[in-house]
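Structures given as structure tokens follow.
Below, subunit A partners subunit B and then partners subunit C, in two separate complexes.
After this line comes the complex of A and B, so read on.
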């Protein structure tokens, strides 16, 4: 015994162990924050993540790809013969594709984040004057990060195809050509980034995703829970609250809403919230809801599910189009806004707390 | 206090423990600061935020800007290395103490107990002759070399360790920790990915074992470290406990390593001399081999008593506040409360124009970093500061008499979220104060 604790022996053990742990702790996370733990054992969490990857996220991107292809076909008809009827012909496909995007807006991490998919596909409202000057000069670069976000994606298409006088502008023999080219460039970039995202998921990210069983930042569960709150925040603010005038003492900015020109803001909001619910429940298979049950938080889970229903119903109760309801039926919008905030509170506070998810990398000694 | 048979603060004892403490503290700080920098936190925490949460009474401490904060970090990182090597020690430790403390005071958001500990230890080291052997200072000026130092110079460091452990233990003596095993019960299932022990993480009894072991360890480890017969075993517990903490809660950062290294101060001089002899470096023989003496010993006794009294009393100030400490967090910081709470919040603010009644919902993301927002959402003094900041910003935007209302929901230790502060109170009109904020609502009793 005495020999074991002889200072030199003890110290010989202390130094390497401490140094090794120090290094492990300091270097344990890669720069993008993804954590791939090969020794992961939790069967429940793994099944849940496989469900998210294989039944929700990846099929969601494939659906987006399919609907973008369909949209492109319909847009080609419009561009070849701009008219009110070819324009009307685009609308169902546009709405379907936009709604397909709502279904994958939430998993904005991994490949989608690497591609900056959401920023590119759905930064609204569109930067109209910049878009118009780009079309006029034929000089634009859709690959510039951040600065080109509001020049493209669904909001740009929304404006270019359904904005006031869109058909006439497309039919213009002079400026129409540039405009058609711009629309095609936007569509192609949307398809390219969607394809890249699909490929990266298949190529390796799926494996990373399903094996990351921690709940810290950069873990799959951490991503999912933080994104639940993020999407709800975006629904409360940019999608409903800000155009409704919540930030501006009730002064409505209807044209800041998502899908304003095609007048599908309400449908998109409903699609978005339905998607958030699907990411919460994991569909019929294992999801965050089952995880809460596993943790013994059944009442919380019941309350969250009930609040999803209440909030979706409140959104549904707003008369379409949303842009008109902001001023025409503000009480229904206000009611939906309140229910969305309640749901956001539950997800961001109770659910995040119950699952022990962290929001960032900083050292923390327990609040 | 120092394990002596005769109570005498000025009894000469070998300098070795002090030297080992200086070297390990310097090196640990050096690598901690490099890690902090390397992870991009200097920029993320001190450059990117547009607004910083100040400590009440320390509002004059401001973020010095991108270049200056990096220069400051560079200075204290270098100072930490100087401390380890005992080079220009007195200057280095003063620079380190002032620089480190200044940085920590910039933003409440980043408060950690072990940063406070580091500031205190650095402050103590300013007054200790830790460079009087095994140092470059002694190599350069051999006449400075001392073989012995007054016992209190080592005793004060042991006292500081004891304060940390015992108060951390006392803080765990509450119903949430002992009876509900919270927050362990919430945190452990998040560790189910760990090999071998993973499946156990869902079991409630494991959370109780963690909680009770942690409380007993914190309360009593110092006494076993002080005792000659139990010290070595106790140190194995120190290693096991803190390595386990580092594995289970990597988010805690440097704390386990700080405690592992600092706890060596409880070992006797012979142990430290042995360690130093293994360094393979010894300064040239000194001209004199002296005992370090403090002039005016009575003043030092008074200073020590004042410091000790502060250390004992300051963590107890929470007793002067009403209601539940974990909920109100009044008198919570600087009291060695580590890993005690799972607390999350969501805060919605509305600014109203006092003259026109116009209302503006605030987008917190436009003003705060995610970390700042998270911390603000559960801590009343930060909520108040943020509300004052919002009032100032909206006044600049042209709101004549901005009134700020907060609708804040907080969930604590497995309880469901509840309204945290009175949403009808105009926070812009509330003052920052040392006394209780009566706009905080009571902590909910129910638990799921």
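After this line comes the complex of A and C, so read on.
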């Protein structure tokens, strides 16, 4: 992620607290009872967190696991007999698995962060020259943390299975063997980290997650709201804005989009934003939206919900594939970009402020 | 307009605070405390210049993340020899590179545990050859835009933040501890020994004479006499505890009190300064040890942990009788000496939560 920093956000949050503290402490009394625990919203918060853990996050990882298993079966058929038809046969499973990942991209904290799941599964664009040299030499280590170019995950599969001449390269009797091995290694690592994440949630993190009822840094609600903002930043930046040329004076880099080779960038973006909305609403049960209502911020909640609808519609209005729309239909991309920006501001500034959560996921330290 | 309003609110509250704390009836001082550190005959060049050297040296070390550093340059900057300071690293400071290069003072002589901190700096220099190769557990190199050692630590952070204790706290406390026994014969020609030591202590704090806690010093054009080192952290991580306003006011009050030989006010100022400089470092450490729990990007996470590590190093130089006990401090160091990859691999952040809790137990709430 690029450096993203909005000083006004932090500033707004600090002023009222500072003033209030001074009034409270004017006669040098030490503050007691500022702990967020033990207040009347605890029961609600706990039910909300149980809903997130049991109905959204953990089932989301299980869905990813199932989809990856299906993908592996389809890929095995492709690898045993590379052809246009076995390749086409992989695509629906690839898209389903990638979309299943979009549904768990948001809870990148706790077990997923400890496994570096997102970093491994979806750092894009893929580092093509490194992937090719790894395949050629047979010398690569997928356990190293990804620092810049990604060797693995969905972006690598996207390139290796759907890139130009992919079928021919797989069919090559000599170099094809290494390539097949590489694809299998990538898939196995994706499955391993997904399994580890599922197991860590079940083994104890669920309990930690649902019992963290504060909103301070490192709390479950703090994580959720930070990640709502983070995903919106990622949608505005790497998923849409950067390939669209927002960081390059309007010069389009379509091949840097997520899922470029399989041409599913738009579907992934829509799946991502739908997932963000689900994490905001908590599905049909208690979520951040209800929490805002409970805090008396109903107008803000209404605004956010309305903006989700506007932004999702604007994304849907882009003609597929997104990579072609960057140059073929820039006005629709621009419109979606603007609505995403508005939603980002609402979540990162207004919702964070209303819930008393500090946004601090980014590496914004200037020193 | 909004900022001014806030400033007024803050000052008003501070006045209330001080009036409440003097229960023995109103004191009528026969001197006034100026709004800025504007006293006659202030000469604290050595202290202010050392903070400028700190800024230049640590800025140079930071370059190790993008190019190979030369070990001779490290020695020259540390000892201030061979006109080592350049416009690139010390171009916009209270004392700029050309002024620093002509001075006979250096960092080397005034830093506590100088050998250790120089070794950290040398380690950064040694690792800088890996500025373009990726890091991995057990292997030094680059993660994002950060250069880390085999366990994920940025050595330049250990130096930059550690020196806020080993250079700043150490000298400020040493001077303030000496002040009560200093000669305070007031003559018109020169400051008294006590005034001189007080001014030097203020110089190490790294804030300008007209320090304004409400001013955003990072707005371009960035002023040369912006807050540096611990002074910079008053604004960066010490806002919630109101450190900047309290320390600055205590320095002005104490200096005025010395001029009027009002020693009880001076001693109150000393204790405020000690309390809030230490607490600033604690608040910064606390911030980074909690922020790192939220960060999933390793570059951001390791940077936060490195900052935390540096601030914990700095707290070694806290005043005697600190709220942070020796046992608590040992545990903090132990936690931060865990390889950062291991800290990152714990989904529950157990150790980092424990570290944050140690801070809260010792100092109370440090951040909003």
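The rule is short, and it goes like this: the second predicted complex is superposed on the first by the 314 of 367 C-alpha atoms of A that agree within 3 Å, B and C clash if a C-alpha of one lies under 4 Å from a C-alpha of the other, contacts with A are read in each partner's own complex, and residues count from 1 in each chain.
The working rule: a residue touches a chain if its C-beta (ideal position, glycine included) is under 8 Å from a C-beta of that chain, and two chains touch if they have at least 3 such contacts.
Note that the coordinates shown come from a computational prediction; the quantities given were computed from them, not determined experimentally.
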Discussion item. After the superposition on A, what does A:86 contact: first (subunit B), second (subunit C), both or neither?
Written reply: neither
Discussion item. Let me test your reading of the model: by the given contact rule, A:223 touches which partner, first (subunit B), second (subunit C), both or neither?
Written reply: second
Discussion item. Per the contact definition in the header, classify A:119: touching subunit B only (first), subunit C only (second), both, or neither.
Written reply: second
Discussion item. According to the stated criteria, A:297 is in contact with first (subunit B), second (subunit C), both, or neither; which is it?
Written reply: first
Discussion item. Going by the contact rule set out at the top, does A:358 touch subunit B (first), subunit C (second), both, or neither?
Written reply: both
Practice prompt. Applying the touch criterion given at the start, work out whether A:250 contacts subunit B, subunit C, both or neither, answering first, second, both or neither.
Written response: first
Worksheet item: Who does A:152 touch here: subunit B (first), subunit C (second), both, or neither?
Response: neither
Practice prompt. Using the superposition on chain A described above, determine whether A:105 touches subunit B (first), subunit C (second), both, or neither.
Written response: neither
Fill in: Those residues of subunit A which subunit B touches in one complex and subunit C touches in the other
7, 14, 17-18, 21-22, 25-26, 28, 216, 358, 360-363, 365-367
Practice prompt. Using the touch rule from the top, collect the residues of subunit A that touch subunit C in their complex.
Written response: 1, 7, 13-15, 17-19, 21-23, 25-28, 30-31, 34, 108-116, 118-119, 141, 144-145, 147-148, 200, 204-205, 208, 216-218, 222-223, 226, 358, 360-363, 365-367
Worksheet, complete the sentence: The residues of subunit B that touch subunit A in their complex are 31, 35, 38-39, 41, 44-45, 110, 112-114, 183, 186-187, 189-195, 198-199, 202, 232, 235, 239, 243, 246-247, 250-257, 260-261, 267, 270-271, 274-275, 278, 337-346, 348, 353, 358-363, 365, 370-371, 374-375, 378, 409-411, 414, 416-417, 448
Worksheet entry | Residue ranges of subunit C touching subunit A (in the complex, touch as defined) | 6, 9-10, 13-14, 16-17, 20-21, 62, 134-137, 141-145, 160, 216, 218, 232, 239-240, 242, 290-291, 293-300, 303-304, 307, 344-349, 352-353, 356, 364-365, 367-368
Discussion item. Looking at the complex, which residues from subunit A come into contact with subunit B?
Written reply: 5, 7-8, 10-11, 14, 17-18, 21-22, 25-26, 28, 37, 39-42, 44-45, 213-216, 233, 237, 241, 246-250, 294-297, 299-300, 341, 344-346, 348-350, 352-367
